[in-house]
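Shared between the two complexes below is subunit A, which pairs with subunit B and subunit C, respectively.
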Partner chain A sequence: MLQEESDLSLIIAQIVQKLKGSNLYAQLERQAWGSWEKRILKSLNSMCTELSIPLARKRPVGEQKELLNKWNEMGTDEPDLSLFRPVYAPKDFLEVLINLRNPNYENGDSLSFRTHLGLIQVPLKVKDIPELKELFVELGLTTGQLGIDDSTQVPPELFENEHVRIGQKVLTEQDSAAAQQYIRQGSPTALRAELWALILNISSHPEDILYYEQLKTNVIQHDLLVDSLIYKDVKLTASNDDYYFVFEDYLYQVLLCFSRDTSVLSHFAYNSASPPKSYIRGKLGLEEYAVFYPPNGVIPFHGFSMYVAPLCFLYHEPSKLYQIFREMYVRFFFRLHSISSHPSGIVSLCLLFETLLQTYLPQLFYHLREIGAQPLRISFKWMVRAFSGYLATDQLLLLWDRILGYNSLEILAVLAAAVFAFRAVNLMEVTSLAAAEAVLADLSTLKVMPLLQIFLFATVT
Partner chain B sequence: MAGKVKWVTDMEKSVLINNFEKRGWVQVTENEDWNFYWMSVQTIRNVFSVETGYRLSDDQIVNHFPNHYELTRKDLMVKNIKRYRKELEKEGSPLAEKDESGKYLYLDFVPITYMLPADYNLFVEEFRKSPSSTWIMKPCGKAQGKGIFLINKLSQIKKWSRDSKTSSFVTQSTKEAYVISLYINNPLLIGGRKFDLRLYVLVSTYRPLRCYMYKLGFCRFCTVKYTPSTSELDNMFVHLTNVAIQKHGEDYNHIHGGKWTVSNLRLYLESTRGKEVTSRLFDEIHWIIVQSLKAVAVNASPSLTSSTANDRILKYNLINDTLNIAVPNGEIPDCKWNKSPPKEVLGNYEILYDEELAQGDGADRELRSRSGQSLGPKASRLRDAGRTVLTTWK
Partner chain C sequence: MSRVLVPCHVKGTVALQVGDVRTSQGRPGVLVIDVTFPSVAPFELQEIVFKNYYTAFLTIRVRQHTSTHTPAKWVTCLRDYCLMPDPHSEEGAQEYVSLFKHQMLCDMAQVLELRLILRQPSPLWLSFTVEELQIYQQGPKSPSMTFPKWLSHPVPCEQPTPLLEGLPDPSRVSSEVQQMWALTEMIRASHTSTRIGRFDVDGCYDLNLLSYT
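For the complex of A and B:
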């Protein structure tokens, strides 16, 4: 009897704690996101006022025709974008995250958090290496991997051929769950496009193509201020990239439609953020006149187009490319620029990264901190972009295979830590933030799977 | 100075000079005793010309073969390929096999081409068979896209006609020689743009043929979207991929210069079209290169000017690997060298074709090892899936 009672009270205590915790986090999230959202909107509105451009306007018929003709080569357009600036850049967002505080700190979830010396000051629960090894068990040393066991020195009979055969079988049977399990070991290049579509449950039915065409019509008929921001972002980032410059025109076709897609709003149901609202002119504050702006509720920031760019290596049919990107966004990418306590949210990823470094590479961590080069200041931009534009495309696709396979973004934090571990020797010798940045400036030669494997499975813990 | 290679060059290119210096080679002038001379095209001509030329001694190497201009001029290249094909046919070689419509099965890699003004009438006959076709005119002796233009009407090339009115005022020899080829107006496009391939091939010996392909070739993209529309035939930014041309386009971007590595291309093609098709494509590219070399057709002077920082690094490494193969171990050259270099020195080159290895097992091996690499699973794949496999060959 006594045992039951104490069990019961333990359970109750846990439930209470959980409820308390969730309330706490919800509060935290709403407050933090609320003030960040206000800032972004303010920035957008002031740009609007300064440039005397409306947030949205209907295009005159002549302009509509012109745009329709140019639909496949919007990259050749040279609008004057000099007065536009990105609404925010990743480093602005980092500052917000750094200033997040847990109001109930004393009830803190882990004692060890008091000794956390990184930039993130929110005590979220993150995994340690033993737990990561359990999660990423298929990346272990004894399991075959694409990205390691398909290199030219390894005879294909040992792993690659069989792996390809299994992949083809999974596709024939259209088994989405099996595909997700399979892809943890990486996808063969020829099967990747189909596998991702299978895992994301994307199939191109006529209604999907029609939906995309409707969005396109929307773009033709209305001009949005965010369009200029999208143009600017593409011109600044993807157009200058060695791999993605070729796909510039596809990026406009996807992103302009994306910003008008109200179905994206539904992801806010599980995103603790809320879509930014604007009001019809003259009706400020009146809820009946509130609209979401942009229509999909997502304000692009500097580098946003890089979420789409790698996908162009896989899909060249615009409506398919669009669907895949949209699904990747509402499943994964949105977590990289909204504030939440989710384990795949950017806050958790930052904390995971810092904790891994501090726990397993303490000397390096302290050294960098000493010289004013907090590691997160360097790795943040990699994680926000899911490494797009930093890794070679084939490596990036192998990494994103695992994001899909494990349905988690935690691998981004692990890779970031693994990169630091890899370059530790050089980093120990630098004496400034700029020098540390220089050591980590070029990731284009890195092979991600060996790095991850060594960090997780071959480091003494 | 025992043992140090003595080098000369008449080209002030850092990618060359840095490579020579890092090997500790000694710079000399062309009047002194030299072992290695990296010559510009003009100098090569002089060295090998009948009047002003001289014989190289046994310890001297230069960077071009004497017959290189046979290979650079487009008209000579076309002549060589046509002649090569006829020779093989005469020998009864299986390589020269044709299909029912008279097309070569394995050697059909040059579009219909004529020399102008010499073949003008033949060309007109062909043109009239499909009057809506587009043809590309290329000056025989120029490079870097200079002087190229497209035509779709006979009137556009009137002055090459043998009996044109102008010829009575102008002698034949001052009419510049051109080749005219059927224009391939449905090229593979990426991102809607046309691109070409810049591949580096090193030929270390001709007899036996030993050649290497640099793994790090690249693709050059047009800045403008491709359109076969006849209204854009004059727009060279749509049709010609040469950097020298594209560099002057408004959209030319100096950070990446409109280039992809060949491995990017491979990744893209495998991802979007599948592995088999892509492997076959690359096999066929290698095949064309080897056959062209055999017919003696190579461009003499790749640009050593670097357009971007990445480009400079690429060319430095390219020259480095080239020198490691051509002058192994930094030893003084000896014309009696005949061994294949060991695998370790290849760097980023891979063996494209080694005639000695290939001849070991007879000519049928040559057909089966079309890719020029050592036999492996790829070698057994033949061109058209529909054709019967060559096991039926006698």
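For the complex of A and C:
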């Protein structure tokens, strides 16, 4: 009885978490998303017909055995992926967002007080710096932070030791809400894996491990076209990254299973997108034979595997790694590649970034606009990937700590603006988009928390 | 509490503007919608439901039936109700709204006519209105249940018959059987939270191309 109750409250907590603040009704969302979805489906279908590869195929028994043997080293496989191309890349998605228009909105030629000088033309409500200071109050100058107050010059007695002690206490109490509050100041490396699992309500019950094994069996039995897209994406992105190439095999094990996980379909209840549908061959139009493709309804795009890669530093057991990734996806990452009016949705993040830049660095914004280098064109790819692959891994994990702690992706837009503020002097001297890209090409030396702190709390406006 | 839809006639919106509508440059920021109930007697208003379309503030005036022979006057029952916290941005612009009689400033006992005054001060929107307007009155109260006599006056416990030799205590057996029955009911009623997760149809996942609908 007690187990049921705690399971039920777990589920309720997860549902409440996800439903809070979702705004999914706007007309413009549905129209824009509809045509974008159609484009993706057409692209997938044409790939299918051009290459004469079925969307799904049952593997013959010999192939199944082979795959099972190779399960832990799928990276050694070198299939011919030259004919496959990613369904879309972030820059295609950006073009869709740029063209989002509200039919009821005055988009006249004359400049008014609300003319959007950036790329996003949708009047969503975004926070300004005073409101962000209120939201991110724990990042203030008077509060200790990991990422700032644990540097070698600072004696650990001042902050770090006490912070670690509190973290251990939170873990012993298994208090999820306290963990979420605690992690706003950053998580010690040793405690991070457990803290994230606590916040995301992931526990390794035997049925979870069994569920993962079931997904693995599904991968072995059926071969999907989407698998090749995943292979290609991993080979193009994570395998080429100095930090993540060692995790290549893990990435296949997680992403291939992810594609077959029908429980992910439940997140479409609060996602304005809808999963692609198809019918069993020969049964077109019959609802009993309607299925979703891929089974989890999510078509991966170029760079998708980078959502998983940083997690490989924290979790080494495949079923736990899988659960953590799945929960992170259905809570946060799906908002980065679907159109919605949610404050953590990618449209709001883009608008927040542009508004922050325009309001607090007007000279820089104007200069970049004049030379044809709209700032969003550079920062979009950072935000869509939640900075994965652009920052050093320890800095990235500190950033993702805060995403979990504040349950919001707005910090990505603030960081993007802070990076521009940091390199403002160099950017003022460039004269083309390519030069601006070059100035901002390498973020691997940046320290995330000082940048955020200075931008929010220490800039004189 | 049940509610019953009241058929209403929504007259066309009238824009209030200073000066000549044709020559002035700006768009009207105030619209008035009259709602009449031609075939219904004066009723008690329970709820107003509508879908907002970029209206920022709503005021509602009501004209009620009075028993005396004085002409019915217009009374404001809702003043400047905020539908969009920031009139310049999308928040709240297309939401479904329900207004109840306890939110009104006056009694809504004998409603004859309603007047909705919509305001949108921001010049950014091309038009604004409310859609799918529905007015509800209170439905009939559910009939009161009368409990059967044996439920409200339970019979006092009877004296148990003496135990027969060699048989287990019947009260103990009955309580154990009850527990088992409760367990089976629980198992039958509880939905397992874990899904089976089958994505194929009878083992087959051989698909057509993706559908565009």
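The rule we apply is simple: the second predicted complex is superposed on the first by the 418 of 461 C-alpha atoms of A that agree within 3 Å, B and C clash if a C-alpha of one lies under 4 Å from a C-alpha of the other, contacts with A are read in each partner's own complex, and residues count from 1 in each chain.
Following the convention adopted for this analysis, a contact is a pair of C-beta atoms (placed from the backbone, for glycine too) under 8 Å apart; a residue touches a chain by one contact, two chains touch by 3 or more.
Worth saying up front: this structure is predicted, and the values here are computed from it rather than measured.
Q: With the two structures laid over each other on chain A, which partner does A:F245 touch: subunit B (first), subunit C (second), both, or neither?
A: Only subunit B; A:F245 stays clear of subunit C.
Q: Figure out whether A:H316 sits in contact with subunit B (first) or subunit C (second), or with both, or with neither.
A: First partner only, subunit B.
Q: After lining up the shared chain so the two structures overlap, which partner does A:T49 touch, if you call subunit B first and subunit C second: first, second, both or neither?
A: Second partner only.
Q: Among the partners subunit B and subunit C, which is in contact with a greater number of residues of subunit A?
A: Touched residues of subunit A are more numerous for C.
Q: Check subunit A for residues that touch subunit B in one structure and subunit C in the other, and list them.
A: none
Q: Sort out for me which residues of subunit B touch subunit A in the complex.
A: Contact set of subunit B toward subunit A: 190-193, 221, 224-225, 251, 253, 255-256, 258-260, 263-264, 267-268, 270-272, 274-275, 310.
Q: In their shared complex, at which residues does subunit A touch subunit C?
A: On the subunit A side, the touching residues are 4, 7-8, 11, 23, 25-27, 38, 41-42, 44-45, 48-49, 54-58, 102-106, 112, 114, 122-125, 207, 211, 214-215, 218, 222, 260-263, 276-281, 284, 288-289, 291-293, 295, 341.
Q: Which of the residues in subunit A come into contact with subunit B in the complex?
A: The contact residues of subunit A facing subunit B are 72-73, 75-76, 188-190, 192-193, 239-243, 245-250, 312-316, 393-394, 397.
Q: Could you list, by residue number, the parts of subunit C that touch subunit A in their complex?
A: It comes out as residues 53-54, 85-86, 88-91, 93-95, 123-128, 190, 193-195, 197-201, 204-213.
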